[in-house]
């Protein structure tokens, strides 16, 4: 029944009265997401597309029994919003907001870990489980088809690109997880791999990585020893020059790990084919499925 | 760059690509407010001021170019003067220099130190552990890079509890592990604790003292100072920015334009400008261009909400870079209307703003109408990024011919 | 005292008996640096200054005695003036007052507020949980004490993670639980967060804003301010103490002498001075005196390392309090030599320093020799504290007769 | 075999080169305490009465396998010293130092709790187990005789007074624990009660309390329901006026709990006799033993 989000999820939108929050609440409701409450301090009693708004997560949980949260709160307050959701034991907590200060990220990540809560992001497009018609995120839902492949990615639009390619090739997705483009994110690639490898409705995995960090290397090493399900990978940034800013934080290259070459080598060592172009992912999946 | 050393030390890249870098003298002003021991001296913007600083110091001085790069030493940006007159003359030379293609606008005049030992001390974000990491080595200075390769065991690393603080005993353990003894343990630990206070207070992504000098008379002094602040946290440091009276980053005209629009812009050595939305997609597009034999001149990530106007703006900025011979626009849209974008591009082309071949690939509403409009205007609109990459490479080669 | 209210609220006593109490105007100076919203106004030390402050405020003012007690309102230490002239006249009256036997040395002149609601906001140490606790109530002001008894549910308490910080969402939850809505939630939460920052920064044992005023035009203003700082942490706040230019506590001559010696000294209503080492032993000695029908005038804990010299110093200080009719010295020593102490006491007595009967009970080396010396000098030396307590009560009664 | 400290304890003295540290190291060694290492940053290689000194707790643990610590470090640094001992998993950690800032105390207390380490104090005379000739503290050892009564106290000299009274009455002690005179201390009365009630060599308990806090009330309530061993209590401060400073922090009286009357009532309610004077303790013990 996919991972993280399913039909039983009762979703809270934090920052629902902001422009992004309102816009994507509509988009999520249209897709079918079970959004049962919104929250913006001071807006108790308002409604957004029929969704009741509360002053605090605690209120929303008490009144509407919310189980998961998606956060559209501006960056200076996003860390606090995540702490509030974590304190109320919501799981997962999806932080869409970008430009969250790294000090705030580090704190929230470790508070969530200590409680065993999956925090997704920050700077993530979110999570989508097409089979349950549940999207807790900002991705265009129509490019994700229902199926048996677990997709995890540190990128946003590149994920849509790859998902669209899979859809065109009639390959569907169990759940797609945007892990977030910031260097410090909550749920890591290896944790996402573990979830998918335990999910009986996921038959194969796609890992979309990019240069920077060692998340892919760690995941590849884990998969080599512990995961039987077939997988395909893609790494963006083969031609990125060392040490240059590449738009968001995941995209700095340095040291001997973190390079596209190191990541690709790690996947190949684990027997996981790596596409050269985004369109290769669907092709490689066809070969292994 | 010294950053690269740290990255090598850690064998991990940094958490965060975007940071406001402070000049050495700015970093040292902050250091001073935290009681960090510093050499005597001060900043100067003219040779005359440099002379005054040297007189104030009252002994032989180092005259140091203020530049946001680690290469200033090799570039001749750090020199020594025995008299104020010498300092003035050196200052004149250095203020006329360009380092890494950036002009030297200020210099730091500081007492020349009598060196017993050069030490490395720094704190940065370890993105893999998602914690701050304190780094120290008894062998600092220019040799740290080499040391990281030859004797990584001499580099001490210690993560800081992400829900707590660097504790004094941890700082002492670092000093002990670095090989210090006696009273130096507490002195050095105090220095690390100050560095940690600065990191916490100013949302620091990277701070380094390299070299941290142990003088022949047994004092620790921060001879250099590097301080990069998390751009995302600058809203918490408005006062700092006000006091600096300068842009938070040194950028050329095109970089400034992109930053003002909230776009990420990097100039490269090739001739094809890649304009996309999302860093991952932009990198993948650069990679695709490379696969078909091309080379990118420009990484331009339009960021969120790529619409007709934003695409046009991106093309305008890209056109200002004289290396650009062809442009590839690759937008993975959702609700973006391709016909709107097509109309905007066509109008820009007719106005003469676009003087090189341009290829568009876009996913969104009204794709067919957009394709029709562009094809009519002689601008290729392609459906896959592979086709688009292939096409733009051919067009850029045509420009070469 | 307002403290007592909080203690009632919590139904727990405070963690820490010793704190430096700041005057309202001093507390508000600190509040100001943290951006806490405050009424217009300022401190004055003379009636003329009060007039100037009232002119600066430019509207009707409150003239408030600066006194380290919560009873100043009832004592007539807070009054209102419509004109600067009135303020000057009131200031003259108030500066001539004594509140709780202490002179009023300064006054605070502040705009008279237009009150919609009086709120209580405070943070203190909960010694039982060993955590800070934030306390808020929508019903502040003078009625908080009553409220704690009649409607304890209206008082909101929230502990702060001892390894972390008060978080913004927690502060908002407090405001919500206090019954606030709309924009007031964030305003009030911001105020609690500022209060927390002050607590962290200044090692605060207790801070209170009571009342915190919600004005008729919807602003929150700290009308009063209480701030007690942990004496044990004053070494971290040297600058604060320097800037205050006053003693950290208001003490009479005898209290000052004891503090200077590192002894704990409290004056009581009885006539027997109990001089012991250790607070528990001193209290138990007071209790024993009471069992035998006596009443203590003095609690004097000599603290650590009670030796001959320290015992003598204690007796000297105790003798300065005119209520003392007899002295009981009760020392639980280890290596203290009883003969040394005995000799010291005898010599003090011969010098005429001790003019009331004195009883000594001491455990230590050379007890018998000490007993002999004292008995010869007519000073009772007893072996159990019960005997000693009984004896001193008899002697004090003898003085009455 | 008593509680907290026994013959197998290997004791570290933090701050051993200070005057208090040196003085009491001698006294502890003379008593028989198994002190195997000292620690003062920068003093590696020195010796104090034959005890080797190290720069850090970590070093001392590596070289001398220390298991417990006693801290004589000055107040501004005592919290850090305790954190260092806790980080090295020493247990118990006895903080003799008085005047430790309450913020430091609260932090250290909760760090120790999270690791399940018994921190004693601050502002404690320490622990003594006469039967094992182990004293980790500053109390005069000769007033404590070996026996079967567990003694716990928030007071220093008052404890010696009571212990001396017991010794005179030929009643010995299994272990005496000074819980510390500060309002915020690590090991609480109720925790000490639990330890003694589980210790097979302890047949009865003495609780010496004073006004302030609710430590005695909590312990009494717990003992009423859970403890079979006989106990005697003493509370100092019956005649202390409300709200007055009484020398150290435990001695403020306020609210309805925290008074001597409330504490005495709680003990009586639990069937625990309370002495009026320190000398009553030995007498009451004779009655119940």
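The first chain written gets the first letter, and so on, giving A, B, C and D; residue counts start at 1 in each chain.
The working rule: a contact is a pair of C-beta atoms (placed from the backbone, for glycine too) under 8 Å apart; a residue touches a chain by one contact, two chains touch by 3 or more.
On a predicted model such as this, the values are computed, not experimentally measured, just so you know.
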**Request:** Trace the shortest chain of touching neighbours from chain A to chain C and give its length in steps.
**Result:** 1
**Chain at maximum distance from chain A, centres defined as averaged CA atoms** = C
**Asked** Comparing B-D against C-D, which pair counts more contacting C-beta pairs?
**Response** C-D
**Message:** Suppose each chain is reduced to the average of its Cα coordinates; what separation in Å results between chain C and chain D?
**Reply:** 28
**Prompt:** Rounded to the nearest whole Å, what is the centre-to-centre distance of chain A and chain D, using the mean of the C-alpha atoms as each centre?
**Reply:** 52
**Fill in**
So, in whole Å, the Cα centroid of chain B is separated from that of chain D by 55
**Prompt:** Which residues does chain C have that touch at least 2 chains other than itself?
**Reply:** 163
**Two or more partner chains touched - positions in chain A** = none
**Request:** Draw the chains as points, connect those that touch, then say whether the picture is a line, ring, star, complete or other.
**Result:** other
**Request:** Sort out which chains touch which and give me every pair.
**Result:** A-B, A-C, B-C, B-D, C-D
**Residue numbers on chain D that touch chain B, as the complex places them** = 41-42, 44, 55-59, 77, 80-81, 83-84, 87
**Asked** Which bits of chain C are touching chain D when the two form their complex?
**Response** 1, 3-4, 7-8, 10-18, 125, 127-128, 130-132, 162-163, 200, 203, 205, 230-233, 235-236, 264, 266, 268, 276-284, 286-291, 296, 299, 301, 303-304, 332, 334-335, 363, 384-386
**Request:** Quick one: which bits of chain A touch chain B in the complex? Just the residue numbers, please.
**Result:** 75-76, 98-107, 109-111, 114, 139-140, 153-161, 164, 181-185, 208, 210-215, 218, 234, 236-241, 243-258, 276-279
**Prompt:** For chain B, which residues are in contact with chain C within the complex?
**Reply:** 163-164
**Request:** Provide the residue numbers of chain C that touch chain A in the complex, in ascending order.
**Result:** 167-169, 172-173, 176, 181-186, 189
